[in-house]
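Same chain, two partners: chain A is paired with chain B first, then with chain C.
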Partner chain A sequence: MLSIDERWDLIDKISKKTVKFGKYKHTLKDAVGELTVKPLTGIPVAVAVLYGFWSVFSSFAGFCTDGFLVKIFDGYWLPWLQNIFPGGLHNWLYNLMVDAGHIENGVLVPSDNCFEAFGVLTSGLFVPFGVVLPAVFIFYLMMTLLEDIGYLPRLAVLIDTVLHKIGLHGYAIVPTILGFGCNVPAVTATRILETKKQRFMMMTLLGIFIPCGAQLGIMEEVIPDTMGFVILYLLFGYFVFGFILNKIIPGKSPEILIDIPPYQRPTIHNVRKKVWIRVSGFLKVAVPFVILGCLIVGVMYITGFMDWLANALSPLLTNWFGVPKETVGPLVAAFMRKDLAVAQLSAIEMTKYQMITSVVLVSIYFPCLATFIMILKEGGKELLGSLAALVASVFIFGGLIHLIWILLGVA
Partner chain B sequence: MNKYTIGKIYFGVLGIVTLAFGVAELVVTAGGDSFSWSILEIPNGIFRGGWGGVIILSAGSFYLSGIKNLSEIHQFSKIVMGSILIWIVAGCDIFAMITESIPGEEGWFNSLEGFLETYAPPYPPAIILLPFSLIVIYYIYKRKVA
Partner chain C sequence: MKILLMGHPNVGKSVFFNRLTGSNVIESNYPGTTVDYTKGYMVLENRDIEVIDVPGTFSLEPKDKAEEVAVKMLEEEKDAIVVCVIDASKIERGLYLTLEIIEKGYPVIIALNMWDVAKDKNIEIDVKNLEKILEVPVIPTVAISGEGIKEVVSRIKEAKPVKIKNIIKNVGG
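== the complex of A and B ==
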């Protein structure tokens, strides 16, 4: 047993052998690191990083989906299934599994692409594997690289002031960015926030205003021209509703200290492992829900329930939100999977402005089932409050967008 | 003239040219039509022309603010950051070219002619600036050796 003095002597001996004393000289890495956290220089860098992120995401997703996977699914998989699956367009099982067809000049004709076929074996596989998988893969790859390089904590410092205005702090950027990949792990990541109030706010904002990577991938595919507006509306909603929630929800939003690691070179092993865990986790959640979504929506169409629902909700959809009543189908599908719903919207005839409103509505009207379950698990009974905020935001935000179109004279 | 005096002049000129390209991208984007002259093509889309233009403009500003007292590490890091911003935009442009050049319009893969055509000029400003921005690597190396 060592006495206190002996312990201190031992500490002195160890520190003399292991610690170098002297004036610390700033390295280039330190200086570059400082530039990325100071607002004046850090903001242009953040703008460039987000530009690179988005540009690589679009190029890679387009390369895989338009370059190869659409050709496989539309050129080979769909025609093959249409040929070998028994029944044909007037058979309910065929409609459910392969192709629901569509009406052209009063005649039911087969679909020529997997987006519109809406069968379990066509759209049900094309959406998760043909469109979403490349988008989610590249999203997680880039996010992991930013994380491992050490840029994410710097982004947290940079955005801390802005997020404090809505009652969150810089680390809220982690679940927010994760949410752009998949909302399910993002809800789990809200645990890094300090108080119940912050976690509740973050979960609510994630569920309503952050489109997941799957949805972004589909939007990039079906509405590339209007996607910027949709994201702008969602981000606007994120900050406005965050500000309102911060004012009405009781609780604290404390300051935090953020430890910034030095920039470092990412290791291939770590990146590969993280990307694999995230992509495989995503597929486990996405594929069953997309297939289930196709099945439920198909059954609702076949039984005529969807038409009944469309007629019942028609006054609300057309008068308040200004979208066609046919959007009720995608809204039902959005409860299962948002990406599936956006794909379904692309098959409905509407103006560019109605499409923007519809995609925003699909994004905000309800979190997908998997996220809903996760919020229920993480948030418990507070979920009811989150749902109330959600209902209010759908009506206010949806009506507000319609009002903007009316004022601009385009609705 | 020592190497830092040459560096000051070089990055000063590069900064002015980069800044001018950034302004040109924003003006062209605001105008609505893309602009092409010789091997240069200034894109006009909101994303590539607008957002990209802001980044090129920032890169120019980094260069110009870093040339004073270039030997000092914090000033030199601004020059490095200016180059990094150009690398990000140019890297994205080159990656987009690669992803466009491989798949074919009708068949699986592009023809050799179509493949090579994708890489032919005109080029956006960031790609033209790219080789000039690489000089910073020499200065990083020299600093390391010293």
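== the complex of A and C ==
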């Protein structure tokens, strides 16, 4: 075996005999590359890119869902099922599969949309296919383009200084952005971070504060006016808790050196393949969990367990967090899927501010089951630490938003 | 027989892997896309051969968890042939990892990938001479467009272990 110096020495000799470095020409590609990394020009470009991302995402998702899918599901699918499915509002199987109905002036009435119906065949299909699929598709299409062009490492360079304040480095932006698609692959992507401390922090912050594409899609549908606040509040939490975790967790946060790859033209073949892998991966994870979530929540309502739970947790929910006790249902659903939980919240009557609080709550209070399993696999026993951080952040952060509303006089 | 694809992060190992096996591993233009290994199969002379896409690593002393996976993979597959994928525009550091693998006694074949980028940068590499010095096949490739992949496949059987002494002797004073 050679020593490190001997090896470099040998490489030097080899390269002298075989490699000729010609005069390097500055190309247009290089110029663009530099403009997107230097802060003065890079930050406006980054803002423009992210804003563009956001506008395309929301307009495409809205176009598909409001323009077509809502009309199909609410106008045809739900009435047809209500008509053809045996039983009726007082039959438990009908409640589980088609429509749980809701109480209006003391009378049980049928639902008129797929958000409220909460049956396996109605909400269970409408949420993943009607609302979330278009959102996830457009998200992955654009993320794949950014990836293949080679923009992400440049974004990492730009945001490096900020992320250093919370003990991470710029490259943490890669798992974070992946997490806006789905937290499951994002947790695996934390392997590119060097120390246990950084990996632990990243997984915890991802699991608690980064809403996934499915959740973004459904928020875009049910609370388009207020979702900006929700996301701001979550990002605020990402940095505040990152800062605190960085202070209390022992371990190092070393500097990282990364290669910035040259810009490349994405190939249609690769983009198509990658979007397909990711969207089909989403469907495989999401659909079973959404359906399972509908079933579990449905059974809990039918057996009366949900009402019992709502009453038991009512002091905590109404006094500390300032949300109606009915939110307990969505909180249970959020164990399975965040998109399902937000859909369910939209059917509960409450003020705009309570809605913001409760959406923040379902986002942060537990990573969805699939993410939880992934963190368990990747982090092992550090998961306990994550859970402790989770409990602390739910109470402090959920209480804090209630306090903000009280101070603003809107609670 | 097994084939390991090894090299630095973001040199195109996953593109290579997909080309060789027809699999669908995620490829992106940033380092650290592959953090776990993936196995696939290719047919060589009517035999099914296992190909493994290994996460990128700078050296055999791992710095992060993805690199640990890479080094462990190499240690577990004692009788594997290693296809070293090197970024031709950054050939020297690619050779560092290659030499480390050669020193461990693995049969090696080198793909000088991103040959187009090297050309853009006006870097000329004397491939014939490099082959003579290292005593292993060296093939310029552009994995994204598929250039050179066929040659890599046809010359995999030429891969053989090389004594580091020979390389030192070949390169001379």
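Here is the rule we use: the second predicted complex is superposed on the first by the 388 of 411 C-alpha atoms of A that agree within 3 Å, B and C clash if a C-alpha of one lies under 4 Å from a C-alpha of the other, contacts with A are read in each partner's own complex, and residues count from 1 in each chain.
By definition in this document, a residue touches a chain if its C-beta (ideal position, glycine included) is under 8 Å from a C-beta of that chain, and two chains touch if they have at least 3 such contacts.
Note that the coordinates shown come from a computational prediction; the quantities given were computed from them, not determined experimentally.
Visitor: Contact-wise, after the overlay, does A:56 reach chain B, chain C, both or neither (first, second, both, neither)?
Guide: The answer is first: A:56 touches chain B but not chain C.
Visitor: After superposition on the shared chain, which partner residues are touched by A:165: those of chain B (first), chain C (second), both, or neither?
Guide: neither
Visitor: Give the label of whichever partner, chain B or chain C, reaches more residues of chain A.
Guide: Answer, by number of touched residues of chain A: C.
Visitor: Which partner does A:284 reach: the first (chain B), the second (chain C), both, or neither?
Guide: The answer is neither, since A:284 touches no partner chain.
Visitor: What is the contact status of A:272 with respect to chain B (first) and chain C (second): first, second, both, or neither?
Guide: Neither: A:272 stays clear of chain B and chain C.
Visitor: Once the shared chain is lined up, is A:35 touching chain B (first), chain C (second), both, or neither of them?
Guide: After superposing on A, A:35 lies in contact with chain B but is clear of chain C.
Visitor: With both complexes superposed on chain A, which partner does A:252 reach: first (chain B), second (chain C), both or neither?
Guide: Once the two structures are laid over each other on A, A:252 reaches no partner at all.
Visitor: So in the superposed three-chain picture, is A:45 touching just chain B, just chain C, both, or none of them (first/second/both/neither)?
Guide: Only chain B is touched by A:45; chain C is not.
Visitor: Which residues of chain A are in contact with chain B in one complex and with chain C in the other?
Guide: 27
Visitor: Note which residues of chain A are touching chain C in the complex, please.
Guide: 1-2, 7-8, 10-15, 17-25, 27, 144, 147-150, 152-153, 171, 174, 188-189, 191-194, 199, 258-259, 261-262, 264, 267, 270, 273-274, 277-278
Visitor: Where on chain B does chain A make contact in their complex?
Guide: Against chain A, the touching part of chain B is residues 46-47, 51-52, 54-55, 58, 61-62, 73-74, 76-78, 80-81, 84-85, 88-89, 91-92, 95-96, 99-100, 102-103, 108, 140, 143.
Visitor: Going by the contact rule set out above, which residues of chain C touch chain A in the complex?
Guide: Chain C residues touching chain A: 8-10, 24, 26-33, 35-36, 55, 63-66, 69, 91-92, 95-96, 99-100, 103, 117, 120-127, 129-130, 133-134, 144, 164, 167-168, 171-172.
Visitor: Quick check on the complex: what are the chain A residues that touch chain B?
Guide: That would be residues 26-28, 31-32, 34-35, 41, 44-45, 47-49, 51-52, 54-56, 59-60, 62-63, 66-68, 71, 228 of chain A.
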